[in-house]
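Next come two complexes built around subunit A: one with subunit B, the other with subunit C.
== the complex of A and B ==
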């Protein structure tokens, strides 16, 4: 029982981290990163090969550094960032939203195809397995107590990352990013280096993706290409949209509702005899349907983005308005307040 | 040398599948101005509709089943546009939302296909085709029929676009929707017809892909998606003739490369072509006005 509860707790915090990363890219900056799970995969694989010793027989992989726990995860996060630099340099400067989305989803599919076939890199279609469970030797943990401890460690990491992200999104950088999201031409005209800002946002988001992926592979002990088909990116988008794009607290709510309740709880249901995997398929389809219904009925999410008000010049303060009263189109299209904020 | 000509033959077949798929995607993009990320799953749906008529009920001949399956996907696409994508596109000014919705639709469709037909690899029932030699090429009768279907589709789409009122209206809408509307074109009707055409082409492409690969799985359309994107971007997105050209180049390039590198990576060649296109000529071979 404890095992199940803490498994859910782990996924809650891990998807909180993943959603925060996507949130700064999409929610704050407006980059439609349909390759997000690719960055998670890079983080997971690199954490794996950084943590595993080089001499495990039966598996083929690069590096094998044998680094201890926090270092290998950090290595995974930095690797995801490195990949983000390459991707951003090729795509960000040249492409508008929908082209970028096409290229990124293609990237996600091609990375999948490549890792699936190219065995020497990350063991091909079998993926990495027997990834060392961190802290077990140091603390003398068994299988069950490892789940509990690691879920708590993930919780602590998530809180630290949340604290950092809250600082970033409230800092001038966060304001500039929102200004770019609302209207990149205006932001550019006001002297913001749009590409540089988008690059920063991609880098921060990818670091979160890498860390989240690194925690994922260490929790499960294995990672293979089927774990990161493009549908998985969609799950993170569902967490983000349900929680409320642009709001870090919303990411926690989204992770709780979508990842924990909608995706992992039904996994404990018994299989329907004669139909292997049916529950899982219907469940995944349900995630898509929930997201569509959510986008239609409440596009700002459960915890809507706070309408941030700029310092007013000679205009008397008005009471705080709730985003949902503005009507969806305005909230989604261009919150005036955020745009003027960026101008400051 | 024979290996080279063999791969040219395969390249022509892949190019045929790809051109049907790319034309369908481009038609819809030109009219609605957003990309349908569920296109690969429309293809899979077509392949499985055909499978139903070919193997599960009625046991039609594969080619008759293919026509029925494709038209059914066309009807499905019209319904999807009417009740899902159309309303989203009208309601929100930014395209983000409708893109996310098509992405979500892809997940929903894929998993529904899995729920109904399961994850097993399936096969069409069709006669075993004998191989023919045409010049240096060696192709089976089935492969020749696939190439013939693609040629027929390219030809008829060209005629529709150039000679019919529908085609002229579609080209007008693709250039400027507002202007087309003020000129008295019934844009709603054209949009519906375009979705029907696009869906049917997707269904046809999915079936033909299943026939040429020799088997079908629910996920085969999805993985093929980035090859279609490569062809469409190489040709210039939204441009029908560009899509045809891009499809032929990418189709031949992927298959001919398989003669020199491990065939497992042949699809990745399409992605490299995509990146090179973006670096050198981001608007594609036949550019539409406006920037990428």
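== the complex of A and C ==
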């Protein structure tokens, strides 16, 4: 029972991290990163090969550095960032949002095929297994207590990353990203280096993807191509859209509802007699349905993007001006013709 | 330079804030801009006029870096800025507004202004993470100035409203206020008064004169020649992508027959509005 609960806790916090990373890219900056799960996979694999020793027989992989936790995970996060630089240089400079999305999907398919078929990299279709479980030796953990401890460690990591992300999204940096999302031409006309800003957003988001992936491979002890089918990107998008694009707390709510309750909880339900695997099919369908219903009825998500009020900038309100401005009603209140092509 | 002028006894030379020569731009064979060349004198209000489709907006797009030109050169003061990216031009102090208001819709009215200063400590990740005090202090200073501007531009009451919820006239004001927040040396306004009611036209005219008084050079695209006459010092006439004439309104009136015939057409168009 404890095992079940803490498995759910792990996935809750891990997807909270993943969703925050996608949120800064898509929710804040408007980059439709349909290759997101590719960055998660790079983080997972690189964490794996950074942590594993170089001499495990029966598996083929690069590096094998034997780094301890959390250095291996950090290495995974940085590797995902390195991939973001490459991807951004290929795609961001030249492409508009819609084309960018298509190119990113293609890139993630290429990466997938490559990892699946090129065995020397990450052991091909078999993937990595027997990945060392961190902290077990040091704390003398067994299989079950490891789950409890690692779920808590993931929770702490998630809270730290949330603190950092909240600071970034509330800062002028976050505002510049949202300006680019709303109208990149205007942002450019105001002196924002749009490419540089988008690159920053990609890098920060990819770091979160990489860390989330790194925690994933260590929790399960293995990672292979079935864990990151390109469709998995849309699960993270579902978390983001249900929770509320542009809101970090929303990412937690989304992770709780979509990842924990819809995807993982049903796996613990007893099988329906005579229909093995049916529950699994039902819950993927359920994610799709929930996504559609949300987009129709509440596209801003359960916890919509926050309005950052003037008082939060430390300048006191001056209600007397509010009152004085009513005098301008005859200027501003009158119906205004749509500002169209001028003299026509 | 000024010493040479003084000895020659000639009137002080007007300095050009902006100069462009031989600009061309074609869209799939349509020559939207076809050799436009003119100067924008510093500290003055210049009108860019011409019939619909003359290429006025395209010229502003080229000058501000939103589009690259096919040929021609642009100088901002002594600096050649031909085909620089928009953000670099903005950082040189050239700001522009858009003919169709382009508010940052998901940001509040206040945030639209706060996004305007090009270089902010809080745009750097290092500062955000390790120098939060510096970032917060700069934010408060910017917010104070932004709120003062919003008071002037009659948008204070709407400071916490998402910009996409404003009326058309309010969006026009926001468009100008946001550019002003960026502390421009040269401001290019693309039809700042188009589609707004007469009372607001007066108000916007006053804002533009105020900007001139505070030392900002302004170039504005405007169809209404009454307004041009009233507030602009210098006029550039653009037709079919070429500069047809430049000068003060009265100079243009007494210009050659061809020009006056052309201007007549423009005046009629202006009077029809």
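Of note:
Note that the second predicted complex is superposed on the first by the 303 of 344 C-alpha atoms of A that agree within 3 Å, B and C clash if a C-alpha of one lies under 4 Å from a C-alpha of the other, contacts with A are read in each partner's own complex, and residues count from 1 in each chain.
Basically, contacts are C-beta pairs under 8 Å (C-beta built on N, C-alpha and C of every residue); 3 or more make two chains touch, one makes a residue touch a chain.
This structure is a prediction, so every number in the text was calculated from the model and none was measured.
By the touch criterion defined above, A:241 reaches subunit B but does not reach subunit C. Of the two partner chains placed by superposition, only subunit C is touched by A:178; subunit B is not. Looking at the shared chain after the overlay, A:308 reaches subunit C, while subunit B stays out of its contact range. In the superposition on chain A, A:29 makes contact with neither subunit B nor subunit C.
When the two structures are aligned on the shared chain, A:193 is found in touch with subunit C, with no touch to subunit B. With both structures placed on the common chain, the touch criterion links A:206 to neither subunit B nor subunit C. Of the two partner chains, subunit C is the only one that A:168 touches; subunit B does not reach it.
Touched by subunit B in one complex and by subunit C in the other are residues 328, 332 of subunit A.
Against subunit A, in their complex, subunit C makes its touches with residues 52, 64-66, 85-87, 90-91, 95-96, 98-108, 110-111, 114-125, 128-129, 132, 135-136, 138-140, 143-144, 147, 151, 154, 156-157, 159-160, 162, 167-173, 178, 182, 191, 194-197, 199-200, 203, 223-224, 269-270, 272-273.
Chain contact summary for the complex, subunit A toward subunit C: residues 164, 167-168, 171-173, 175-176, 178-179, 181-183, 185-194, 197, 200, 204, 246, 305, 307-310, 313-315, 318, 321-322, 325-326, 328, 330-332, 334-344.
Within the complex formed with subunit A, the subunit B residues making contact are 34-35, 37, 84, 87-88, 91-97, 99-101, 103-108, 110-112, 114-115, 118-119, 219, 222-223, 225-226, 229-230, 233, 237, 262, 264-265, 267-268, 271, 274-275, 278-279, 282, 291-292. Chain contact summary for the complex, subunit A toward subunit B: residues 30, 32, 34, 90-91, 94-99, 101-103, 105-107, 109-110, 112-114, 117-118, 229-231, 234, 237-238, 241, 275-278, 281-282, 284-285, 287-289, 291-292, 295-296, 299, 328-329, 332-333.
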